[in-house]
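The next part holds the structures, each set out as structure tokens.
Common to both upcoming complexes is chain A, partnered first by chain B, then by chain C.
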Partner chain A sequence: MAEPVRIQPDLKFVKELQDVGGESLKKCYQCATCSVACPLSPAENPYPRKEMLWAQWGLKDRLLNDIDVWLCHNCGTCSDLCPRGAKPGDLLGALRNMVYRKLVAPTVIGEWMSSSKHLPKLIAIPALLYLFIWWLSTGLTIPEGPIEYGKLFPGDFTIDPIFGAVFLFVCACFAGGVLKLVKSFQDLPQTFAVGVKAPPKPTLVACLIDVVKDEIATHAKFNQCGKDNSERFTGHLTLFYGFAALAIVTSVVAVAHWGGKILPFLTPMGHTPMHLTNPVKILANVGAVLLLTGLIYLTRRRMNADPAKSASNYYDWYLLGVIWAVALTGAFSELLRLAGIPTLAYPVYYLHLVAVFMLFAYLPWSKLGHLVYRTTALVYARYSGRLPLAHPEEKTFSV
Partner chain B sequence: MANNSILVVGGGFSGITSALEAAEVGYEVFIVEKNPYLGGRVAQLNQYFPKLCPPSCGLEIQFQRIRNNPKVNYFTQAEVTRVTGAPGDYEVTVKLSPRHVNEKCTACGACAEAATTELPCEFDLGLGMRKAAYRPNIFAFPMRYVLTKEACGKDELAKIKASCVYGAIDLDDAPREIKLNVGAVVWATGWKPYDMQRLENLGAGKIGNVISNMQMERLAAPNGPTGGKILRPSDAAEPKRVAFVQCAGSRDENHLNFCSYICCMASLKQATYIRERYPKAQVTIYYIDLRTPGRYDNFMKKVTADENLHLVKGKVAAIVEHAATGDAVVTVENAVTGIKSDERFDLVVLATGMQPSLAGATVAGLHIDEDGFVTSAPGTGMVASGCAKLPLDVMKSAQTATAAALKAIQTVAGR
Partner chain C sequence: MAEKIGVYICGGCDIAAAVNIEGIAASVKNKYGGNCPVIKTDAVLCSPESVARIKADVKENALDAVCLCACSPRVKWDVFAFDVLTERVNIREFCVWSFDKQTSAPDAAKGIDNLTIMAQEYTLMGVVKLTKSSVPDPETLTTNKTILVLGGGFTGLTAALEAAAVGHEVVLVERKAELGGRALGMYKSIPLAPPYTETQDTGIDKLVAAVRGNAKIKALTSSELKSLGGAPGLYTAQIETGGAAHDYAIGAVIVATGWEPQAAEFLAPMGYGSIRNVVTAAEFEAMAKKGAIARPSDGKMPASVAFVLDVGMCLATPEAPREDACANPAEPAEGAEAGPAPYPNTESCKHLAYSSELTSLVALKQAGYLREKNENGLAMIVYDHMMVPGLNERYYKAAQDDPGVMLTKGTVAGLTETANGQIVVNCRDSLLGENIELLCDMVVLPTGMVPTTAHEPTVNLVYRQGPQFPDLGLFDGFADSNYICFPYETRRTGVYAAGCVHQPMTMAQAADDAAGAALKAVQCISSINRGVAVHPRSGDKSYPVFNFVRCTQCKRCTEECPFGALDDDEKGTPKPNPTRCRRCGTCMGACPERVISFDNYNVDQIGTMIREMGVPAKIEEGGPRVLILACENDAYPALDMAAFRKTAWSPYVRFIPVRCLGSVNAIWVADAMSKGIDGVMLLGCKYGDDYQCHFVKGSELCNRRKENIAESLKRLGVEPERVDQYQVSIDEYDRIPALIESFMDMIKEKGPNPFKGY
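Take a look at the complex of A and B:
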């Protein structure tokens, strides 16, 4: 006779899951429609039916170690076809939210990021910080002469050190998170194919290349997901390339500016504000337009979504809201500067700094954390054999 | 003016039963039936569960009781269009469609031979064809032919009329309206199979070898389009691998938000149809929960003891056609093993649910819930019977029919 299995449900965890977006999980009656509906779910132990069961039973350990929540790109087809309105798509989203909330220390930030009631604190930190700097630089007044934001917030002494520190802090947090995540995946039960010669294990580099090609750069998997995905696909891809463009711009400016201290010929490339015909500035403006376009697509989709099929939660709106704030304040900082209206331009730039801080400093605990966690999981899924490589390595063996 | 007669809307098993129960204790009843025959869904079955006897057993007795009871009046091809009044005094408007065949008909079949136009057979749920002049089914009550006049040209109609030596063809028959005064109304409007076209992920009714469970009854019935041979529609081949897909539209808030109660038993029953005809056939039933309440559990145990019958827990959520062979490929996750796979079958039967016939309809004075079931409101003379009330098997339909008759009598008694 089989060993009896003692299930120790964590009821508090079930409650927490319901709070972060899985409120319908108890409606599930295990019909398994969702696992079939999902175009990405593997044939062996497909998701999300098993996750629905684990969630109902409060099997916290299994859920928090579950790599499959990252294989889901949340198209919502499972929720559309769900006969009970249990919204399995939302549950997987809730599980990802749980990772944002709990994976990385200091978890108090995760706590603050989980509910709108803590939002004032999150705003207050950068708001006070940059207000203090403004007070130090000009005593909270609007400076005379041509608009240069460096007059309020001198790059070398305020912007760069703060964001540099934030960058290192975020990197350290992510490094810890990635290690923790991989370790949790390693605890997964292994699948062994008996009698079948296992294909050679791919290298980590090959897996990473596969993920970058198939998932990130082209969003190919993301696009396979769902029936009518064009709005989500276009929006997400546009937003992604908007960010990519702006990341390149920031890197060029930072490298040229600080590199210029050692190699003086770089300095002019990093000098801001740039002329509108400067290629870097053109890229920056293109990035801003892409960002706004993507935001419009994604926000419109969420506004029009049928609440009976998929509900947007605080994590979704926080991220969209902050990116909107970054994009709008960024665009208006530039426009107001060009229009020469200092009384508006400086305060808007101040708001821009607050928004950018909120996007980056809290990144490991926000939905944008998927950038790192999902990439980690997708690479590991290929490495461990959970997912096949889309483009297997070409290897020739001579006999 | 107070009236103590009773109207029964629907002449299926529950309607007939309600009518007879009231008539046999002395009340005058009127049955209004939409089809050209009485017997409803039961008449279309091959066998009842769990005893696996043919529907003529049961229906025949009921028809005999109707013939012998002058208190029972019935109208076929008739529909209630309006009900006004109050308990004890309703005025009901009934629209009668023309049959074009009068009571002189002897069911000799000469008109059907003379007819050349063929139409999809409603009784066989589109699996076969019928002539424009036709007998609704072999066991039709009343046993009288019907002519679909609008489908024929002038010459054909003349030939059909000439073929009848009894003068039973009446081409001048026209739609009529009659008014009935009754004291109570029993709604025995029954059910319809859930429309397969709405099950988009299950092929939307467009895959030839994916049929509904009611179509399976017609394939298995000796009076059906194949004479009782179960052959798949695309190429009339004998199926070797057959799948049943449970909850096709039932227990699903996107379709029918309730359990249709009979489909598990119906599929088990139909599995026996296949297994007795094809000793080597493999049958798989895909289910969420196998619901065989009460004594039906014994039937389930008996049927599933067959080693060629496989039960898989997991709802089929996708069906596509295998282009080369016409086979149906179903995708399902076995929720016990956690393996998702594509399985090929020669024939797939969707256990489509019971949708109440009144779904989406509004009738003044009648309470219909969001699913389309009639809810009998106390104090009114409107009573629900059979599957108009909730999903039921034949036995329980008869029980609710007797109860409905009693409630109707309580409304009209002493008036």
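Take a look at the complex of A and C:
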């Protein structure tokens, strides 16, 4: 028999988990309906039942090192079928929130991101920063002439250095986070299937390609989970491709603009504002439409969700809210500029900058961090053999 | 004895289509025409017109009995209710609906109509039964109405108030100086009222005040019941209060003497007594009541407490019986002075297991105490089974919702003390892992509940069979008889048990139990007042009559009565106490001199019925004959149900219902065998540890007597296998036909009864 393992219950951690979205975790009575129902849970050491019990005892170390929380795509089937309303799906969400909050330094941002009471601080940072720039450029006045946002926020000296710095900061934070995450996963129990010859260990690159193919680009696993998730699936996929389009646009502009300093022929491609028929502009506008469409789907789903089955927490609403702010202020910046209403266009653009800052600068501590953490976990899960499932099962449940 | 009998043969429900009912009427007229001035056939006997006709016949012809040959007496009993002796001959279920055509085919080919023969025999048996019956005329007694309640705890107080509420005077006896019992030592109770999620005050003070303020209740504290003499309705209770004894006239008794905490020695295998900070739930409760939860080692408030509910270490296992753990530590050493036989102390480790519902609830409650007294306190509960049936599931959910109450299933393998007085609880197969350990400041072990009747007679009856309830060993001391069929009833008529002396239960359950026992006591007094049986033959007017002239003072009846109804004098002559009696007839079955009889049920009556059975001279022509004496409580309904389902059985058996197999007198079997009947089946209830006998001992006694019968048969050169007893429960209707079938096969194999034809 194995050496006894000392259990170290942590009441404080239980309460913390309850605060970040796991408030029903104590209701679980270990029937395991959730683990049976989950279409993605592996047969060996399935989740989320074990996580429910660990959470009830506040077994912090086990939970924070648990790769399985990232295998879950939060369809909510487990919570729908739970006879006690313990909402295991929400608990896994809460555990991910805990990672957003605790994984990456400076953790004070994680603290601020965990509760609405810190929201004013988070808004104040970019708001004051860009107000200062506005004051420097035009003394907080609306400039005359055709609307060009560069008049207020000159790209080369304000926008790009700030976001460049933010980008580097975020990348550094993520790098640290990914290393920490992988290290924690290394304590995973080894899974094996008796009588099955172990397949050769895949390379990390192969794993990454699989993840992009199976999960990110197609959302295949995301769609596989849950029973009626068309709204969730469509919304998330649309939003994802909206972001992808906008990322391409931003990259093109950035590369052309700064690349133009070395290779001058690139410069015109990066010149903004662009004409509406410019393919890059078309891509940008398509991206904006996708973003708004995805937002409508996802917001409607959350608003219609039965709170007895799954509850949306601050992390969910913060991310949705910020993306809404980015999308709406972005769209209106363009529309007001085209309409030629400077008194509205400039302030809206200012708000757009604030929103974009909030989306990207706090990314490692927000729910959007899953972009990196989940990808890391999914790659590692394939690398370590936790995924893909040895025996995919067809499961049908009705409520 | 009925002399003018009206015989009615119904043709409804397929009867007339299958049986020659006119032929039956003719045979009755032919044989017993003198006793039967009215013999009629009827298309539908239960129709209002026919029932009215019967009533008119009774009046017109001054009939003293009617014999209705139709359906089972278990149906339409409300339709066929007449003022005269009524016998129901069950020709529908026992003949028509269960007729086995296939077995009868060879006889039918020879022109023998087995179905009509059978219906005719049953009809004649019904007529002769009536000629041996008369209407019982019980003595109505002036009885005591006062109810004695033993025990002034939660149950006793509730029972006293319930009994007083329906108008009875109550004498409440409490041994301690104060009313309130164990509830006085409790800090809080598990929920007693909706929404059943929070602990609450026990409410014992209010209950005590209500009893004190009730003019109908005389509460005697510092008192003990010294003796309870007499019989229900006529008891004399000698109660000693502060050294002085007084007699009280009592009608019925409620025993609510409760429980005692199990001796803590039983918990020694889990470190109680050797590890300083291991305490019992009873001790923890006392700490909470006192106001401070303190570790015995340093008197400090513990930060973490493990409530260990898995007590497997203290219980015997089949692989390795822990004799030392289960043996009673209080057992007197061998060779102790011989005095009067000591009361059989039934306290054992089993009481821990029996109390598991309560210990589960108490652990949840006490985990709440810790959380209440220490905001950051951690209560860990390790259970084998979390038993929270019924509404208490709500309490469990609420308790579990507290983040500081952590639960896991696990098998506790050992407890060890650390240098600083903490305890490591080692668990196997827990939900948290295969082999885990929990570190805590204090461990609380459950307290088993031991009924007071495990230690002393309590009721102190002045009965020939002794002062205590008999056979309590079967229930490990709990004052219980068969709580599923007959809750509250003990083996002593007129004495009803309630609360934890009855079984471990919550206060909410005890309140219901108290009310139930109080109503039973009331029912007992009012039944006795009308001269009828209390239970299970509620309302039965018959009672055993003793013909002392022939009595040989063999004492079989006094010893075998399951209810201790009979006392005796110095010579051994039985002294009946009709109000203790449950009318099962066990005494009648026991008596070798056939001294005991009921007006409507007696040895001669059944013997005459047996003699009315027709036995063909040769098995080959008309088949063998088997008599089945069937217990009317379980076997008879099971037969009816089999017939409802049109299950067929041999046409060569004849049923005679009996009150209980305990009432079967050996002479009936002798009568049957000497008449040439090929076999006797005795169908009765299950006996043994999980007995189902309505009279507790009847089927068991019958089985014992059967051994003697077998001896006698052997001496006569008859195979003893021809008489056998079978245990059937009421739901085994599907098994009975096969049972009969195999018995008939055995008879076929043995051939005819050697006495046939003599």
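Definition applied: the second predicted complex is superposed on the first by the 378 of 399 C-alpha atoms of A that agree within 3 Å, B and C clash if a C-alpha of one lies under 4 Å from a C-alpha of the other, contacts with A are read in each partner's own complex, and residues count from 1 in each chain.
Methods note: contacts are C-beta pairs under 8 Å (C-beta built on N, C-alpha and C of every residue); 3 or more make two chains touch, one makes a residue touch a chain.
Just so it is clear, the structure is predicted and the values come from calculations on it, not from any experiment.
Student: Now for A:35: first (chain B), second (chain C), both, or neither, which partner does it touch?
Tutor: A:35: touches chain B, not chain C.
Student: Look at A:44 in the shared chain and tell me whether it touches chain B only, chain C only, both, or neither; answer first, second, both or neither.
Tutor: The answer is first: A:44 touches chain B but not chain C.
Student: Have a look at where A:57 lands relative to chain B and chain C in the superposition and call it first, second, both or neither.
Tutor: So A:57 only meets chain C here.
Student: Go through the superposed model and pick first if A:18 touches only chain B, second if only chain C, both, or neither.
Tutor: After superposing on A, A:18 lies in contact with chain C but is clear of chain B.
Student: By the touch definition at the top of the document, which applies to A:367: first (chain B), second (chain C), both, or neither?
Tutor: So A:367 meets neither chain B nor chain C here.
Student: Scan A:83 for contacts with chain B and chain C and give back first, second, both or neither.
Tutor: Only chain B is touched by A:83; chain C is not.
Student: Go through the superposed model and pick first if A:3 touches only chain B, second if only chain C, both, or neither.
Tutor: A:3 contacts chain C only, not chain B.
Student: Identify the residues of chain A that lie in both the chain B contact region and the chain C contact region.
Tutor: On chain A, the residues that contact chain B in one structure and chain C in the other are 29-30, 84.
Student: Can you name the residues of chain A that touch chain C in the complex?
Tutor: My answer: residues 1-7, 9, 11, 14-15, 18, 26-27, 29-30, 53-54, 56-59, 84.
Student: Considering only the defined contacts, which chain B positions touch chain A in the complex?
Tutor: Touching chain A: residues 201, 247, 251-255, 288-289, 313-318, 331-335, 338-341 of chain B.
Student: Flag every residue of chain A that touches chain B in the complex, lowest number first.
Tutor: It is residues 29-37, 41-46, 49-50, 81, 83-85 of chain A that touch chain B.
Student: Show which residues of chain C lie in contact with chain A when the two form their complex.
Tutor: My answer: residues 304, 376, 378, 380, 397, 400-404, 406-409, 426, 428, 431-439.
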